[in-house]
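Per-chain residue numbering starts at 1, and chain names A, B, C and D are given in the order in which the chains are listed.
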Amino acid sequence: MAPRILVQEAPFDAAAEAARLTEGRTDVGALASFTGLCRADDGLRAMVLEHYPGMTERALLRIAEEAMARWPLTACTVIHRHGRITPGEPIVLVLTASAHRAAALESCAFLMDWLKTKAPFWKREELAEGGSRWVEARATDEAAASRW
Amino acid sequence: MAPRILVQEAPFDAAAEAARLTEGRTDVGALASFTGLCRADDGLRAMVLEHYPGMTERALLRIAEEAMARWPLTACTVIHRHGRITPGEPIVLVLTASAHRAAALESCAFLMDWLKTKAPFWKREELAEGGSRWVEARATDEAAASRW
Amino acid sequence: MKILYFAWVRERTGVAEEEIALPDGVRDIAALVDHLAARSPGHAAAFENRRTIRAAVNQDFATPDTTVAPGDEVAFFPPVTGG
Amino acid sequence: MKILYFAWVRERTGVAEEEIALPDGVRDIAALVDHLAARSPGHAAAFENRRTIRAAVNQDFATPDTTVAPGDEVAFFPPVTGG
């Protein structure tokens, strides 16, 4: 099954997405999921995500295909939002389904690590005290991505 | 927050459980989840899970407390079903929430590995050709549990 | 003391639970297994290969040298297979 | 050729997208950056510290020695921060 990739401004329905991967099937023994949410660190007002339309979908599809090549997955979904997102709202959803737990859990962590460093999104934080600033890339994310 | 532990025969609502961990909060940046489901390998008809009432809840609580001590989690939920479960149905749900993704993802994998080897459940498979057999513990599960 | 059996250990002993008086001189799980194995042919079959049996005392996992005392709840079962 | 800018690179150049004619002799990303940096003070500021800039050619990540040709879509941006 081809990975399901969505890049959208609207919120997503994680439960409905999870159901798509298991409904009517009896070969899925493991469903792993990761949701990344916007935190209100230091009174952050909102996060604005810019992306590169066209390249984003392409990059996410490649990352998901890499996961499906490395692990025996029955399905894989990546949904990433862009635009203005306020604290408490979800930003990203990764779902992986497999016969066995290790494949689902490892590939879910792999997908998050790779999309953090290989998908063209840029976060700008709207600060509590007014104004905004671009989030800087972190060396720890590079290190996490390179362990795979 | 104390871990939420449920041992029950009834199915669970994974979406509602996930919502409990994030609703009304702005300090959760990462929500990891794992659902284990019954597969129809070799035409398996059903899985019957026996457990040790009292000790089961106690063992799951200890495992969850261990996860909360090892990783900075804001919340952690473990739900494990017992009784007769047919292919396609969920058996176990683990949810972990944290500010950051590594804590949520690693502790979710840890919880699954430990409950596979440290929670008193026993699976009996009802076979396609009639009859049933007890599932044998696997050395690979012991190895997975001992890596933490 | 209360003895519980689970999964195929229960199927072999033929009972899920039984009350026994802890005999003098039986102070650990290993000695208790010797005592229980003599109760019936089913018990003997259940404890035939002791390396495949796990135990819990008062709902904590135990080893052959874990001590037992009157009033304890002791359980015997195969290696667990949940998750 | 189409040049795209994202995030603070876009803010500094002052444009999100521009069409340019690829000059003779410009055959890779490094040379293209030299050329673009001379377009305006904003462009110069955007490309001031080249180690902080990433590029893509036709929507694939590129390096300074990736070749560019007329008709390519080339994008410049900071290291990504999604997820």
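By our rule, a residue touches a chain if its C-beta (ideal position, glycine included) is under 8 Å from a C-beta of that chain, and two chains touch if they have at least 3 such contacts.
Quick caveat, the model's predicted, so the values are computed rather than measured.
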Original post:
Chains shared as neighbours by chain B and chain D?
Top reply: A
**OP:** Provide the C-alpha centroid distance between chain A and chain D, rounded to the nearest whole angstrom.
**Re:** 26
Subject >> Centroid distance [mean C-alpha coordinates] between chain C and chain A, Å >> reply: 49
Subject >> Gap in Å, rounded to a whole number, between the CA centres of chain B and chain A >> reply: 23
Subject >> Residues within chain B bordering two or more other chains >> reply: 36, 101, 112
**OP:** Scan chain D for residues touching two or more other chains and write them down.
**Re:** 83
Subject >> Listing of all chain pairs that touch each other, if any do >> reply: A-B, A-D, B-C
Subject >> Contact set on chain B toward chain C in their complex >> reply: 36, 49-52, 54-55, 58-59, 80, 91-92, 112, 115-124, 134-137, 141
Original post:
Taking the complex as given, what residues does chain D use to touch chain A?
Top reply: 4, 6-8, 56, 59-61, 75, 77-83
**OP:** Can you check the complex and tell me which residues of chain B touch chain A?
**Re:** 14-15, 18, 22, 24-40, 87-88, 99, 101-102, 104-106, 108-109, 112, 144
